[in-house]
Amino acid sequence: MVKPIRKALKKVGLKPGSVVYVGEHRTEDVKIDVVDYTEREHKEKRVERIEDCFPFKESPTASWINISGIHNADIVERIGSHFGIHPLVLEDIVNTGHRPKMDEAGDYICVVLKMLYKSSGDGELKAEQVSILFGKNWVITFQETGEDVFDVVRQRIKRAVPRVRFMSSDYLAYSLVDAVVDNYFVVLEDLGERIETLEDSLAENSGPASLGTIRELKRELIFMRKAVWPLREVIGGLERTESDLVQEATGPYLRDLYEHTIQVIDTVETFRDMVSGLLDLYHTGVSNRMNEIMKVLTIIATIFIPLGFLAGVYGMNFDTSTSPFNMPELAYRYGYLLFWSLAVLIGGGLFMFFRHKKWL
Amino acid sequence: MVKPIRKALKKVGLKPGSVVYVGEHRTEDVKIDVVDYTEREHKEKRVERIEDCFPFKESPTASWINISGIHNADIVERIGSHFGIHPLVLEDIVNTGHRPKMDEAGDYICVVLKMLYKSSGDGELKAEQVSILFGKNWVITFQETGEDVFDVVRQRIKRAVPRVRFMSSDYLAYSLVDAVVDNYFVVLEDLGERIETLEDSLAENSGPASLGTIRELKRELIFMRKAVWPLREVIGGLERTESDLVQEATGPYLRDLYEHTIQVIDTVETFRDMVSGLLDLYHTGVSNRMNEIMKVLTIIATIFIPLGFLAGVYGMNFDTSTSPFNMPELAYRYGYLLFWSLAVLIGGGLFMFFRHKKWL
Amino acid sequence: MVKPIRKALKKVGLKPGSVVYVGEHRTEDVKIDVVDYTEREHKEKRVERIEDCFPFKESPTASWINISGIHNADIVERIGSHFGIHPLVLEDIVNTGHRPKMDEAGDYICVVLKMLYKSSGDGELKAEQVSILFGKNWVITFQETGEDVFDVVRQRIKRAVPRVRFMSSDYLAYSLVDAVVDNYFVVLEDLGERIETLEDSLAENSGPASLGTIRELKRELIFMRKAVWPLREVIGGLERTESDLVQEATGPYLRDLYEHTIQVIDTVETFRDMVSGLLDLYHTGVSNRMNEIMKVLTIIATIFIPLGFLAGVYGMNFDTSTSPFNMPELAYRYGYLLFWSLAVLIGGGLFMFFRHKKWL
Amino acid sequence: MVKPIRKALKKVGLKPGSVVYVGEHRTEDVKIDVVDYTEREHKEKRVERIEDCFPFKESPTASWINISGIHNADIVERIGSHFGIHPLVLEDIVNTGHRPKMDEAGDYICVVLKMLYKSSGDGELKAEQVSILFGKNWVITFQETGEDVFDVVRQRIKRAVPRVRFMSSDYLAYSLVDAVVDNYFVVLEDLGERIETLEDSLAENSGPASLGTIRELKRELIFMRKAVWPLREVIGGLERTESDLVQEATGPYLRDLYEHTIQVIDTVETFRDMVSGLLDLYHTGVSNRMNEIMKVLTIIATIFIPLGFLAGVYGMNFDTSTSPFNMPELAYRYGYLLFWSLAVLIGGGLFMFFRHKKWL
Amino acid sequence: MVKPIRKALKKVGLKPGSVVYVGEHRTEDVKIDVVDYTEREHKEKRVERIEDCFPFKESPTASWINISGIHNADIVERIGSHFGIHPLVLEDIVNTGHRPKMDEAGDYICVVLKMLYKSSGDGELKAEQVSILFGKNWVITFQETGEDVFDVVRQRIKRAVPRVRFMSSDYLAYSLVDAVVDNYFVVLEDLGERIETLEDSLAENSGPASLGTIRELKRELIFMRKAVWPLREVIGGLERTESDLVQEATGPYLRDLYEHTIQVIDTVETFRDMVSGLLDLYHTGVSNRMNEIMKVLTIIATIFIPLGFLAGVYGMNFDTSTSPFNMPELAYRYGYLLFWSLAVLIGGGLFMFFRHKKWL
């Protein structure tokens, strides 16, 4: 949890509007993919140089420029200046520790989000920042790596002929945000399963491993919470915006998306509650188990201490020769047997007593 | 608790507005019941094909179409398209994990709720999603199974002659929502009884079973909370709507319903508080009982350890023959009796001391 | 606590506006008292039939009709229909589990409250629902039993000659609400005293009885809270109403009443805080006492176990005849005395050590 | 804490507007001091009869009438009726349990506050209610005793020549409220010092005395909280009032005062947090100390129990004469020494083991 | 934590608007630095007398006057009166315990902040109050010591040729506030690292040292919280101000700064959550460790107490000569070996049993 927070800290001392990448060090090339389409046609291509994207700004066709890799601040700055993006917005795009936000300028809208997905490689949960800018006829997305959750959108653009709905950049942007939010549900499903599994295993056994898992769940939920709460405001902002860029027809979709976001927030909060409950459960389990152990051990000791006293008594050396009152039991024919009978009686009696009291 | 949350997750990757059922797998047939009535007449029938309902949209009679079984998305889509329902609304109707909501379109209003009831079959608590759509002259309800809480409404329509009040679709819709909310009280009564019973039993005995019951109660309350909190907004929305569909005369009924919802919320919150209290009570009980046990056991040990020492002393082998100072007690005529007197004195003294201190 | 909540549950399945009493079963007769007065005259009488009250609606004199016993729904309905009360309001009046509320109709205002008082009979705390309706020239109050807190108001009407102020029904209604709120202070004083007493006794001793008392206090505070919180809104509503029924001159009195309500709420919240503190205090007390006991017991055991070992040593049977190194102490002239000296030294030393460490 | 709350309870059953003192019983005389001044002159005198103050209402000079002792309700009522104060306001002035409030009437403003100060006599913290009323040219203050925190204001009036600023009654009233709020800082400083001291002492030792101190601090903070929270609203109300009595020039002073109030509230809340932390610290301390003790005691027992077993072994009476296998050690020349070596080895070994494990 | 709160307390009893320094006692000289620049030129100089700054008020060049050392209230008052600053504002500037605030007057705006930085000398975290006033063409900053976080701003002014942007005093003031907020990130990074380190070390070992560190972290977070929360309002106020002093072009920068502040607040709150979690972790660690120890010790005792009983049995002195039933084992050829076998069997059996039960 601490790490993502600290992401934002390295820019200290730079002048405002400095476009400086602050995430993990990366060396791979920046990949630029363009999807360009009209109502009838659909073209996908990877461009080499950022300048190749520039014409799409003015072209009448709808275009989606996806830039994978924001560690090359130079590329971000060049495309930003061509599309007329404010330097402070560009700064937020490369500042991977930024909280989700919406920025509205005259001729474009910028949405910054956290994208959560399971890496196709190692199956691990990955979090990266994705920024979606859209203007008239164009959408630009910036992401940290080449992996993303946008394949469903790509497929839908490809298959949808005619692409009337996708011709409006706000609907495309909505679809991208929707794909990100949809994936939150996948992550939540995974979390829910882990919580359920842990709850079942805690009911049986509370090992120290559970504590680690609980803390991990807690951290992931804190992270999700920070990613999701501001989203409500972001999408609400898109819904209420008076910009011409968001068409009226997109309204119901944004409202629907808004409700999904509320549901994600609700679920995150419920999970947080449940994880707190798990912690209580863990502590109850640990303490119950400990109590059980101590009880059994103490009972064993409690039974044998009186018996030990009894054995000690008949180990005493009172002089039987000087007085008939001194330990006459020692000379009884069945003295030893009597001792054992007594011992079994006392031990068994205590045992039965503890049983009766439901202490065992 | 986790399961109902995860209901909503399967739709990921579909395009917005896809009408895809996400609940439990069901195979039974969809049942379609129509109640059609005028001020004087009343007809109830089960229709076979969904198309048979279509005429009721335009007919001047009031009609209530109840569709049991939303796992057949095709039927939902067909009726939806005939009655002019937005695909996003249909999506929410079949998405059984949706949170309660109200949607207002030009010529209909849609209310999505959670219906809680005790199954008439096995007496178990069931939760299912019910969607109530109403327009001019018609009400359509979608529910997951054939069982519901609407019989009181059916009876009232049947018996009410003339059916003036029920002629307005908003009053019928209100009656249906009211029936759902009324049933929350039944569920709460059941919960309240279980809390009371548990509280009484906890005062006496805190077995591990109680913990399970507490956790179950907690979960049910979390679920109810999620079902009920958004309801306030839903009914408040109906009350404040400017749509022509909600007549002024229905206002007081909606306000009354709103107050009932507030009362349900209040009760749920009070129950949550009380269940937290139960958990504390459970822990107090467990720890008090454990303390009691450990105390008694430790007291037994504490009494016998000094006695054991005493017995050990007279088991020592100091040579009485070489010195008159070496354990002369061993040769006393009443030495052994003295030992026992001493043992009883010490043991009894400690016992009395513990009693006096109120430790026993 | 659970019981008052469950009061509201029995009406399930009835049609809205059904006037059905849901409180405890009662058989006593309904008593109807009328106080009728002009600026100069004052009449009090008990009427037999509800119809005898009807003329007071239109009479120019001020009248207060007090109906004790709402279990006879028929009477409530008859008077309600004569005075033109909405069926939903009547339903709330007899539904004794309703939360406090204010209803405003064209020609009357209805206030539903919880009245708390100590029964003059057995001195027990009683809670009942009281509904105050007032219109032009008349006030009707409905209460569950014949006992109430309104005697101060009756006295003031009687003594006040001329009764100019009481001529306005809103001032009379205010006085009745004020009497109810004033009695909350009496109940709070009683609660405060019990909290104080308990706190003092907890500082000395934490028996299981205290836990019961704490839980009882908690429950009563939850109940008061539910009775008092909505009151703020109710009285605020009276203050802000635009109805002609509430005159401007009554404004300062309502503001004053509002402040008293806030003070009651504040006090209830403070008491809740304090009761939570009592619970902590109880647990601290129990655990401190337990710790004290275990410590003393363990110290006794800790002193005698080493001594037992020592006695055990001299109870060993090493053959002193075969070797001068085998337990020569046994043959010492003062061996036994040495043993006892050693035992006292060790025991006393440990005791002093524990003392020094402040463990005893 | 309970006591100040119960102050307000005695007025139950009186009619609204009854001016009845509800504080502690007092018998001393009421003192009435008047400070009368113009821009150049300054007179201070003690008047005997309340009627002597009446001329100051209409006189063009600025006057401050300070009445020490509100237990004489008659005096309060007489001056109230001369200055035209509403009976409900007078009721609040003598009701010493009232929460801070501001009342605005046409020609005067009334501010009720809690004054906290250290008594000059015994140095104890005292709380009393002070009410500040001001109209055109006059300020009246009511306090419970003759001791107050207004000396700084008296000095400033005396020394300031010309007294232009003090000529406006709102500035004088502001100065008095400011003096009260300033004194809260003194009380907070004292509280802060006690918290700090306690925190240091808790780090070393957690005696039961600490628990008492913590509870006392908690109570004082609850009291301060109740005194300070409503103040925010009171001063905010003065700032926003549209009354002519508050001049524009006083605005910045009131804003400044408002900020001080916020700071007092902040500090009270921070102290509450810290006191909660102290309670945790206390519990941690008690439990750590207890754990430490039990650990040491258990370790002592754990070392000697195996040794006791060993001694027990060589106290057995197996017949060495019948078999060479029966306890041949007993006849060893160095058997006894071997035993002791073994005992020291085992005991020392266990000790070293516990040390190694950092249990000791 | 207590100390910074108590800073504000010494001014009690002074008249409002008294410019009296309340921080730590300082004796060093006040340093006054002026940075004066036009679009082309840039001058930095240290002035000796405060009067030397006065001309910069009216000069057309942009000027930044930085005053290090507010313990000399006289200098603050002289510059304040020359620049027309309200005495209450000056009072806040020297009152180092003030909470962050923004004051808007006709021709200047004053922002009071807490500056946090690591001292270049000893690397310790320092907190001091900094006040930034700006009017047309001039900015004055007051700080407690000569050390600050403004070097980045000084560098940027120096290097920026032409200095068009810095010519507006609002942009310069923004840059200074931004530098302060940027440094919060540095402090947070440090805190985050310490939390992370502590969390790792707590997972392994919970010494009492950790408790001290946790409490220290808690205190620092309380302090930061008090410094940062009001900042949101301050910067929001700057953003929304209608003063001509804040130009429209500065808007986006202030919005950006506002977002950073939100992020700092978010992080502080998250850290508070995490530190609470650390405390739980500490307690869990302490109690788990204690449980572990007690368990092992009790197990050792539990194994040896039955063995001790066994040894005690064969130490009994039943008279084997009088009866063949009296302890015949003592005369067995392998009796002693049998005893040891039994002892090992019992001990080992218990050990295996505990292992099996996972108690060891």
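Should a chain be cited, it is by its letter among A, B, C, D and E, assigned in written order, with residues numbered from 1 in that chain.
Basically, a residue touches a chain if its C-beta (ideal position, glycine included) is under 8 Å from a C-beta of that chain, and two chains touch if they have at least 3 such contacts.
This structure is a prediction, so every number in the text was calculated from the model and none was measured.
Using the contact threshold fixed earlier, the set of chains in contact with both subunit C and subunit E is D.
Minimum number of contact steps separating subunit A from subunit D: 2. Rounded to a whole number, the gap between the C-alpha centres of subunit A and subunit E is 27 angstrom. Averaged C-alpha coordinates give centres for subunit A and subunit C that are 43 Å from one another. The set of subunit C residues that touch two or more partner chains comprises 294, 298, 301, 305, 308, 312, 315-317, 327. Chain-to-chain contact here is organised cyclically: the chains close a single ring, every chain touching exactly two others. Of all residues in subunit B, those touching subunit C in their complex are 152, 156, 175, 178, 182-183, 185-186, 188-189, 192-193, 195-196, 203, 252-253, 256, 259, 262-263, 266-267, 270, 273-274, 277, 280-281, 284, 288, 291, 294-295, 298-299, 301-302, 305-306, 308-309, 312-313, 315-319, 322-323, 325-327, 357, 359. Those residues of subunit D lying in contact with subunit C across their complex are 1-2, 5-6, 8-9, 11-13, 15-16, 86, 88, 91-92, 97-99, 101, 208, 211-212, 215, 218, 222, 226, 279, 283, 286, 290, 293-294, 297-298, 300-301, 304-305, 307-308, 311-312, 314-317, 320, 327, 329-337, 339.
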